[in-house]
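Below, each structure is written out as structure tokens.
Look at the two complexes coming up: subunit A is in both, with subunit B in one and subunit C in the other.
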Partner chain A sequence: MSYTNEQVAHLVEGTLDWETTFRMLSMPKDTSRFAQYLDALQAKVTFTDKIVLPLGPHLYIVQKADTKKWVTQCDCGHVFADYRENWKLHAAVYVRDTEEAMVEVYPKLMAPDTQWQVYREYYCPTCGAMHDVEAPTPWYPVVHDFEPDIEAFYRDWVNLPVPERA
Partner chain B sequence: MNTMHSNKTMGGSGFADLLGNGQTLKQYRDAIIARTKDTGYYNGLEKLELRDSDPIGYEKLFSKLRGGVVHARETAKKIAASPIVEQEGELCFTLYNAAGDCVLTSTGIIIHVGTMGAAIKYMIENDWERNPGINPGDMFTTNDCAIGNVHPCDIATIVPIFWEGRLIGWVGGVTHVIDTGAVTPGSMSTGQVQRFGDGYMITCRKTGINDEPLRDWLHESQRSVRTPKYWILDERTRIAGCHMIRDLVEEVIRADGIEAYEKFIFEVIEEGRRGLMNRIKAMTLPGKYRKVSFVDVPYKHPDVQVSSAFAKLDSIMHSPCEMTIRNDGSWKLDFEGASRWGWHTFNAHQVAFTSGIWVMMCQTLVPTQRINDGAFFATDFRLPKGTWCNPDDRRTGHAYAWHFLVSGWAALWRGLGQAYFSRGYLEEVNAGNANTSNWLQGGGINQDGEIHAVNSFEASSCGTGACAVKDGLNHAAAIWNPEGDMGDIEIWEMAEPLLYLGRNVKTNSGGYGKYRGGCGFETLRMVWNAQDWTMFFMGNGFMNSDWGMMGGYPSATGYRFEAHKTGLKERIAIGDSLPLGGDFDPTHPDYERHLDATARVKRDKQCITTEDCYDNYDLYLNYLRGGPGFGDPIDRDPKAVEADLNQKFLLPEYARKVYGAVFTQDDDGKFVVDLDKTKARRAEIRKERLARAVPTRQWMKEERERIVNKHAATQVKHMFATSFGLSEKFTKEFKDFWSLPADWTLTEEELDVPTYGSKHRMDLSLLPDVKTVVQVEE
Partner chain C sequence: MVRRPGSGAEAEKKQPNVEETVGHQDIPVQVMGIDAGGTMTDTFFVRADGRFVVGKAQSNPGDESLAIYNSSVDALAHWRREVDDVYPELVTCVYSGTAMLNRILMRKGLNVGLICNKGFEQLHSMGRALQSYLGYALEDRIHLNTHRYDEPLVPVSRTRGVTERTDVQGKVVIPLREDEVRQAVRDLVALESQAIVICLLQSHKNASSEQHARDIVKDELEAMGVSLPVFASVDYYPSRKESHRMNTTILEAYGAEPSRQTLKKVSDRFKKHGGKFDLRVMATHGGTISWKAKELARTIVSGPIGGVIGSKLLGEALGDENIACSDIGGTSFDVALITKGSFAIKSDPDMARLVLSLPLVAMDSVGAGAGSFVRLDPYSKSIKLGPDSAGYRVGTCWADSGLDTVSVSDCHVVLGYLNPNNFLGGAIKLDVERARRHIKEQIADPLGLSVEDAAAGVIELLDLTLSEYLRANISAKGYNPADFTCFSYGGAGPVHTYGYTEGVGFKDVVVPAWAAGFSAFGCACADFEYRYDKSVDLGLPQFAGDDQKAAACATLQEAWGDLAVKVIDEFVNNGFKPEDVLLIPGYKMQYMGQLNDLEITSPVTTAATAADWDKIVEAFETTYGRVYASSARSPELGFSITGAILRGTVATQKPVLPEDPDAGPVPPESARLGSRPFYRHKRWVDATVWKMEALKAGNHIVGPAIIESDATTFVVPDGFETTIDKHRLFHLKEVK
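After this line comes the complex of A and B, so read on.
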């Protein structure tokens, strides 16, 4: 099973026809997807750095074109930190920890009580894209969501050359 | 072959030799465990001889058995009268080998792959073969939550399968009954805080011989619950299904031979183990994923009337999950740091937790027919002893373990969703699940003049989480029930003395995002023709249990609406206006405009209550939650926002505030979004975000001060104190993250709330002559 680059690009855009999407869901996975996915994303972004691993709709681990360092980067080009660090610690955060702030996003009875739970919105400090919304109790440490083993993934799982890393 | 057989066992002493090989069942099971551990392959099966030598025969065996098990479920469920079973499909049948490891299972609530297996293993470990004996034609009934059941209302019938006088396996069938005779009605009730109020509890009891239920069992069990008619038919459903499957196994053996059958029932488990690892390698990527979930347990409120003063406190359940996917495709799920069990009915046995994962995974990672214990053998679980998901006290209540099981697993959805996203399988991403509540429960004298209990399974159809390429489905499914069906109004009205005054999509309930979570729905019920009637609420209100994903918001939380002394009888008589349809905007309530001014209305976030009195013409809003969203809401297609507005899925105020939509409404009430103005408004929103935000590390300094000064609500501090009490690792990580002084501590004792259970506990394993079965790292 495989799909065309155009189909994968449509998937990324959210414009793929349902019939193909359904086939993607119901059939065994296409092994070439990751490489096609990277190509589709690379064609979309405005930066020249090589995408190593997508983390979110606007968030990537990239290889910087000049230094070959791997960093976590917004699609506006803003660099958060080394890819092994928790990018949220380098973001801008807005914490909805009052009733007034919470009713901006949900009607009073349909929002959490901030004595129990808060919303932490993590934005790109440059472009204001919202990359994540945490919904923990007060006091909860900022969650380091994901530490991928990228080398093993490229080398052993998808048989692709591991991008150079300085 | 299996019926009217002479007793093989002594019923009191001696060795039954059920396997015909000189081994006890325990010796047999221990040897399987040892071979699995030594080789890394289930039962040492490095080679799958039958599958490799006769692949077509192997597949035919699989198809015959699996097809027969599914057929048995579909046929047997027609015997049941309970809408929970007959409408919602809350039943499943599972085939086991003699060691109690699952070979294959039917469709349905397949969490019971492991729960019934745990019961069989309990019988094996505790020498059931000697006493009470295991014979052809026997039936065993169990619902004991201390040995692996999810909650007491899942009643299992387990039947041994013999061939030529030799035990070759087991078949189990489970149905979710309407009532278990707990302190309060409804089967997943909240009024009790310990096992001793959880209802009728049966521990692998021999309840039938020669294929016939014993009369003492029938008499005792039927008067131990509030709804005997449903109970009787549920039991007949289970027995019929088990016997159909036993007949099927005999038929297969006659056709294919016992040797092939016995090879198959082990090889298919090893194949299941390899299958999961292959799927993990095919769909995810190696690494560590960390997620966390919470849910509120607001028991301090006066509408939670429990019998024990030590249960009267607000608390929070905490489920941190570190998911490690290894390079070989195996994985470990570690819940270090989870909060302690509590005095409520939301605790879960380790098997409920581990087995329940497969009811989820069959909907994402392993959407195949080959669900069996193989997946368990490919997974390392770590559930620290003493936590809510592995209690260390034999008193714990479990009636609504699902209150947090669903949420506890949310971490896995989000972790897998991250993996799918990063790998490009966007079609598989699911931001999470709804907190599948409210649960409308209660009882009294129904419209037929009988003692009755209700447990509305409308919660089988909550909103689903958003995907990375499309919105979640509205009022579609519950994660614990892959078949998802809200049931027909007409059937519910027959089963419950509650008329429908509305059944509508719940506006604004789906989590916002580029792709929004599916909306839930709400039904307005009016008590009618009941006597001495009670109801209560069960769901999340002060907190959300599932987060949004990658910039998406969680769904809306729950709230409660109930009304008494409504005056509706008179209003109906004179043709006055009535509260009908949905509670469209709870900020500007409309129902109250159609009730007597003297009506007593409760509108608040207290979504757990205990049995309260309801008269005829009183109202109850059953609001089923939505799913979480995916991606930044200001990336949402403006036309999709417009469609949501026009379908009343979204309140205009939040289309503006959250989505940045700029729109007009024409004379017909139709909304039209202005694309250019919306684009401009969204650019402003980005600027507004940055204007109100601060660098994370700056905010952390302020938050650290609050922690140092112990400034937080008691329930938050209580949650951390119970997690600290169980985990030095979690405590160290917490203190390291916030750079807290070495002498900073937080204990339950300093919180001025009841602390029963914090120090003094007694595990079931400490009872004389009891050997518990441990299947996780503790």
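After this line comes the complex of A and C, so read on.
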């Protein structure tokens, strides 16, 4: 089973017809999907740095075109940090820890008690895109979501050469 | 009447494919069955002497009547007859097709407006959770990501709630607010509704509020000077289960009228060519109804049912009352059981991914068929069949198919089961080398097998899947395969018959010579029968007083009375007199507190006295003992009647089975077409190839042999033998 680049681009946009989407979901994954997925993402972004791994709808680990360094970067080109660091520590943060802030997103009495739970929203300092929301107890440290073993993923899972890294 | 010149004898010499009975043009053609499928439209004609022909043509969704005409031309060419001569001779014609189903699946019905209880406006859109995975293969059912809710038939924007409430006992606790109904009608008309459906809670228990709403709707429409059809659920499907009742009533409004137009077009074309018969349509309950019938939603699924009805008729002719019906098509394998001469009815089936309250001939399906795609799981390296299939594109062996994934048919072609030059009578030429190459690349090489062994492995896997499924279906219901005769049909059935019946231990295995047109044949066998159902709630202890029994009988009789009016109305619409109609009452009964009811044909024609009640109970207990076990009977729980059923039939012409004289066990030399290498059990053997049409009653053939006709191939491998009987049925046996 394989798909065209156009189909994968539609998948990324959320505009792929249901019949094809259903087939993708129920069949074993097509071997070339990850490479096609990266191509579709690369075509969408304005920067020239090579995408190594997508982390979210607008967030990527990229290989900088000039230095070959791997960094976590926003759609708009804003660089957060080295890819091994927690990018959230370099983001703009908005914490909803009062009832007034909570009723902006949930009806009154249907939001958590902020003594027990707060929302921490992480934004790109350059373009303002929201990249993540955490819902921890108020004292909890910033969550480091995951540290992907990119080399192993490329080598053992998708059978692609690992991009160069400075 | 103009007939083609030329004697039969001459024609036979020039055209060996034409059936030997050419020339008997004075024998009238009486019965026509139509199976208008998604890809092919099959027609089946039966003469007064029981001889039959099968015709095939490409389906035409734009104008079904044209595909039926083309298919008829194809069929009648075997007899050198013309449509214009034959249509006027026909006395009966039954249609079954997928047009209505497709209309629902493609969401191409009318703009329906819905009136329901206030607060329940979202009920139809939400649907039942299982509707999100109905029709899925098991792997997808348990894979939540694939679950998906279809577009509702009626959007919330065209739904209006009205204040009303009837409780579960049928007591009106909040009366209907009339002004809200009137406002709802005005809204729905403004929204350009083309039909209005009314479905209120518990209306099967107490119809008064819903009927009241219906009258107000009609009154308001009249006052507005608007003419729209109005469908109240109580008038159509007065059964419990709100989602089912609502879906079914909506389906009626949404899809039935457009389907009626399709059927009218078909009927008109018959009339144009001289047809004098009244077109009937196969319905889900296993009977046929007129295309003018009030309830057409029940024609939504009809094709596969035909085979079950045909099996029942054949079973009666052969004296077999327990039959396992197996139909193998391109995408699926359908199994139905006939026990003690009757098939089971499911009262709340699902169709087109909707739960419905329609009586449906019970059938089980597995998504593996003759056209299923074959793939290797990239991780486990195991062979996977389907769930998708090549369908009409056959497989990679057909170069024009545009396919490059191997299908089961490719394996058959490579192993010599199918004749690459005679697929669909030679209409399609198959490329064996192309299939070999794809099997080698995709299956054989990755597994380190030869092409033959890889292909044979695929066939074995399919056969095993099907036979396990068949066996499980019989034993799970508490029966023993040794008590059953297996009927095998469908275009691809006879290729697989030996494979999925081997070792199951059936009493007999029967392959009709007309396997490819069997569903169409079965439709022509069905009674002209209306069936209506109504939910009732009756509960009586084991030792009830005579008064209680008589009261229960009165309630049941009242329900039958309501249904009789509907049934007789339908026949009167078709020009029958009420006294011509044979009414067959039935009921659904269970031990009180148990979950499953059984459908029983009533031993009494009217129910009034305590003695009647006792007979009703006795008939239930006998059936219960047969279906489960005598020792499982639990009369101490008391008895519930959950539904009243009424069937009404009138006499119709049915196909006559052929009765051929016994020509002895040795097949005529003219039937021998040659031989073909055939691979099974790790070796190539030479299989004798026979022409199915040229074989005579009584002929005995020992495998390895392949019996070919235009529309089907019957495989008899080594270790099997077959005899053709006077009805042109092949009986397949394992040689011990």
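Some notes on this structure:
Assume the second predicted complex is superposed on the first by the 166 of 166 C-alpha atoms of A that agree within 3 Å, B and C clash if a C-alpha of one lies under 4 Å from a C-alpha of the other, contacts with A are read in each partner's own complex, and residues count from 1 in each chain.
Note that in this section a residue touches a chain if its C-beta (ideal position, glycine included) is under 8 Å from a C-beta of that chain, and two chains touch if they have at least 3 such contacts.
These numbers come from a predicted model, not from an experiment.
Counting the residues of subunit A touched by each of subunit B and subunit C gives the higher count for B.
In the superposition on chain A, A:100 contacts neither subunit B nor subunit C. Legend: residue contacts after superposition of the two complexes on their common chain; A:25 is shown touching both subunit B and subunit C. Looking at the shared chain after the overlay, A:66 reaches neither subunit B nor subunit C.
In the superposition on chain A, contact of A:37 is made with subunit B only, not with subunit C. Once chain A of one complex is fitted onto chain A of the other, the partner contacts of A:143 are limited to subunit B, with no touch recorded for subunit C. Residues common to the contacts of subunit A with subunit B and with subunit C across the two structures: 25, 28-29, 31. Taken together, the subunit C residues at the contact with subunit A in this complex read 137, 139-140, 143, 145-146, 148, 375, 377-379, 387-388, 405. On subunit A, the positions that touch subunit C within their shared complex are 1, 18, 22-23, 25-29, 31. Every residue of subunit A that touches subunit B in the complex is listed here, in rising order: 8, 11-12, 14, 16, 21, 24-25, 28-29, 31, 33-34, 36-38, 53-59, 88-95, 104-113, 115-117, 119, 121-123, 125, 127-150, 152-153, 156-157.
Taken in their complex, subunit B has these residues touching subunit A: 281-283, 285-292, 294, 296, 316, 318, 327, 418, 421-428, 468-470, 508-509, 512, 514-515, 541-544, 547-548, 550-554, 556-557, 559, 585-587, 603-605, 631-635, 637, 651, 654, 657-658, 685-687, 689-690, 692-697, 699-700, 703, 706-707, 712-713, 715-716, 719-720, 733-734, 737-738.
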